[in-house]
């Protein structure tokens, strides 16, 4: 038995590879459900029902998918150039921090200007955080995985300090949280009685723009070439380091937007539990989408179903909600294998 | 002045050695993997898994040492999963590692919650107790600190020369190093590269898991969520800082642990002048700084991150 | 009974039939040449014998016993192989490279004393002297080959396979290698010698087996063969190589004056020292030298990939201050990189994307300066595929699925269509079959006749002698004076390659 390179990949295979991966991941995780003494099909039924079964469920899922689209895009853009940005979590908090800093009374503008301003600040803050890792990579060849990961911890501690100290809301009765974003800066809800906010529209726009940039522009070409073959890209005259720096700034900016949309659209103020690991989940979203920006939207929705559904499933059947994290973790591994089979086939002798 | 005095106290050195133990176990584990050419970013998750498994084993009535063995075994299992992806299928080591971390960490939380659904305060076990080595433990300051530790600490420290010996003085160690430098040469000499790499990743992952287990079975007595807290990533940085050499890894780990032990004490002196978060940031900042220091002259194993596929044209 | 017997070996890679029903038998003490052009299936056959690949059909017997298909079995049966690209770990010592795999992996210690004694004896016996404690990275290419041979002998091989062993040697080193091989064969070793160079066969082998397109087309005794017979057997059809007609040189296109480079710290590759040369229009200047003596740096300098730190570099009369790939492309320099796969193409990208790589950097074939004009890119690519006869399934074919010859055509198409004034070609025909070699050489010769100046780097003296107007020799980063291709004998050039450049700034003997 050995692997053989496919000379051409049928389109359906590319399309269904992530789907197969999810099915395999869910079947593997059913072992854990059995371990919890729960019926597998009932459990997955409860999961689906909790994620999609009612208007409330769908609204919850949609609102959960907003930050995941942003972080998924951030990862997709970076991974395409083989810039392994694992620091989306930190960039998300940086974006949120910037939004709260500017948006909680420092400046007051009408919403039409206030909202873009907050987003711009989030983009800049998220991008800036990646400056150090990317320059270390391009100039000193320091592995960006470790630096971006470590920065997550540093940023979280920084946020912890700020919300306990200088940026603490005096009116918060001792809770470590910042002041709220003023009304002009809040993303209005899209539907009545739901938590889905304007951020969803921004996320979709971001996905489309990213798709266009990646597919049709010379920058998209360059960023892909750099990821596939650094030496040849250099030989072609592509400014390799500049391309990676630009890619990283875009990636950080997108992750920063996730933070802005969470504080301005959902929470209103910044606390330490703003993100339950959206930055890390973004990796799974992007991998499931095979780094395609439009695919990110679909896979973000899908992953949100798993998370939102797992919460209600755990309430109904007493299965720890951590199951959702396990499913997500397993699906990264499964999607890696399924993508491999789009490029290779098994040959039996 | 106070700081200098502090450096001479037994408490400081004892704390340093306690902090160094899990770090050196994890660092050696990562070092073995990378020497064979495989970057194992599953380290953070594998450590969590080891912490949970070792603790749970003892909590369920097992003996401490078999608990360590169990943690090692589970770590090796995850190492095997890692190598199925990275060594046999030749998939991205970065993404696989992150995937393993997400999977192993969440699985250990899931298992913990499942086995102890109603525990509000983390239940405790009786961890390893200090064992003073006769005579040596009576040497003032340093002896008192170094030779009055738990057996798992002695194991961690002894592992450094053992790993060095195996890597540099045995045929198996040569094969591992060669697999990380030039896998084609290994294959040409009739040794199966994939097996060597898998073996190294399994052993290395086992040590990472023991490093995790140290936290729940020796340093503390309970399992907390998020208790690994980036120690795995710091170990990855330390391996680079150590230029992939066991001795230097110990040295690097000691600097880290020393500074960490120091900051706890300085924190007590400093009162509120410096917020405690900045002290907690130190190890992460230092890891980045450490990588910058060695960046220019870092001599990566040549075949690190490069998958080996037999039958590909040489 | 033959020592080694191959029977009806067949091997298929996808659609390519690399070996087809090959049968061959060898006796003890024989030196047999396996002759064939690149891509004829020689290396594949030997990799099957050595257990790297498994044959789809057929079997192999060593001393009458069937050989199982894995490397370990081949080694235990006494087969040793010296690969074309050495399989040595640079950061480890010679000793470590040799003893790997000779001891049980479960042993608790290495017997270093015993190993170094044995190694010393062997290197005395066969005249293959080497310092076993040195790191492999400190060795010259010739010494590395000695290590490879020692690695095999250390394991008591009965059958030694050498894959293109002379490609990296000077003519003198080649002679020395041949005498070592003759010594080895007198001691009963069977040697298989893989090559595509005819004259080597005549001087060292007993018997010749010729492969063509995966098939064994004939076996002859060396004493009954001559170059013409072998050549015809090897290629099968007549290949017309370009002929060189003398032309009047034109203006200077490139001029290097006292150029030196410094590498990054810790980089072990050879750097350029005081390089002075000029290339004129209508001239092909050849750079001779053993691989790894600075030719790569010279090519990279002229490709814009590295900077010089002293001296001046003039291109079409303009002094270049800041060197970059883009500035070279802008000035119309055609660059053919040494390593087609890692520098020449982005393998996972499509053919058309590879064909417009450099054009995009010049902001050509774009809309509004930022979007790719896919329509004209595809048109352009189709034109090039036609013009340069690139065999592929279309513009959307993935580049790394092309054969070596077609990848080289792709690179030529990309660069030559711009009608460049200067071409830097580093090993443009290495590893290609004769048809592709002739094609590439014809294209280069045509470009020269149209007025381009060409710097041609190769390790194959014969290739340079047929293609070039003038030659220079490089050794250890230094370069000789320029001389006419016809003015020196091969052995004189060989001495220069070994360091006797005959200029004052060479410090090496």
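In order of appearance the chains are A, B and C, and numbering begins at 1 in each one.
Note that contacts are C-beta pairs under 8 Å (C-beta built on N, C-alpha and C of every residue); 3 or more make two chains touch, one makes a residue touch a chain.
Since we're looking at a predicted model, the values are computed, not measured.
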Per Cα centroids, the chain farthest from subunit B: C
Chain pair with more C-beta contacts, B-C versus A-B: A-B
Rounded Å distance between subunit A and subunit C, as computed from the means of their C-alpha atoms: 46
Centre-to-centre distance between subunit B and subunit A (centres being mean Cα positions), rounded to whole Å: 29
Distance from subunit C to subunit B - Cα centre to Cα centre, in angstrom: 44
Sequence positions of subunit B contacting 2 or more other chains: 296, 311
Two or more partner chains touched - positions in subunit A: none
Residues within subunit C bordering two or more other chains: 54
Subunit B residues within the subunit A interface of the complex: 41, 81, 85, 89, 91-92, 94-96, 98-107, 109-110, 113-114, 117, 229-230, 233-234, 236-237, 240, 275, 277-278, 280-281, 284-285, 287-288, 291-292, 295-296, 298, 309, 311
Residue numbers on subunit C that touch subunit B, as the complex places them: 43, 47, 50, 52-54, 71-72, 74-76, 81, 83, 85, 87-92, 96-97, 99-110, 151, 265-266
Residues of subunit B that touch subunit C when the two form their complex: 169-172, 174-175, 177-178, 181-182, 184-192, 296-297, 299, 302, 310-311, 313-314
Contacting residues of subunit A [partner subunit B, same complex]: 2-3, 32, 35-36, 79, 84, 86, 132, 136, 140-143, 145-147, 149-151, 153-154, 157-158, 160-161, 164-165, 280, 283-284, 287, 318-320, 322-323, 325-326, 328-330, 332-333, 336-337, 340
Contacting residues of subunit C [partner subunit A, same complex]: 14, 54, 56, 303-305, 324-326, 328-329, 335, 337, 342-349, 353, 357-358, 360-363, 366, 370-372, 398, 401
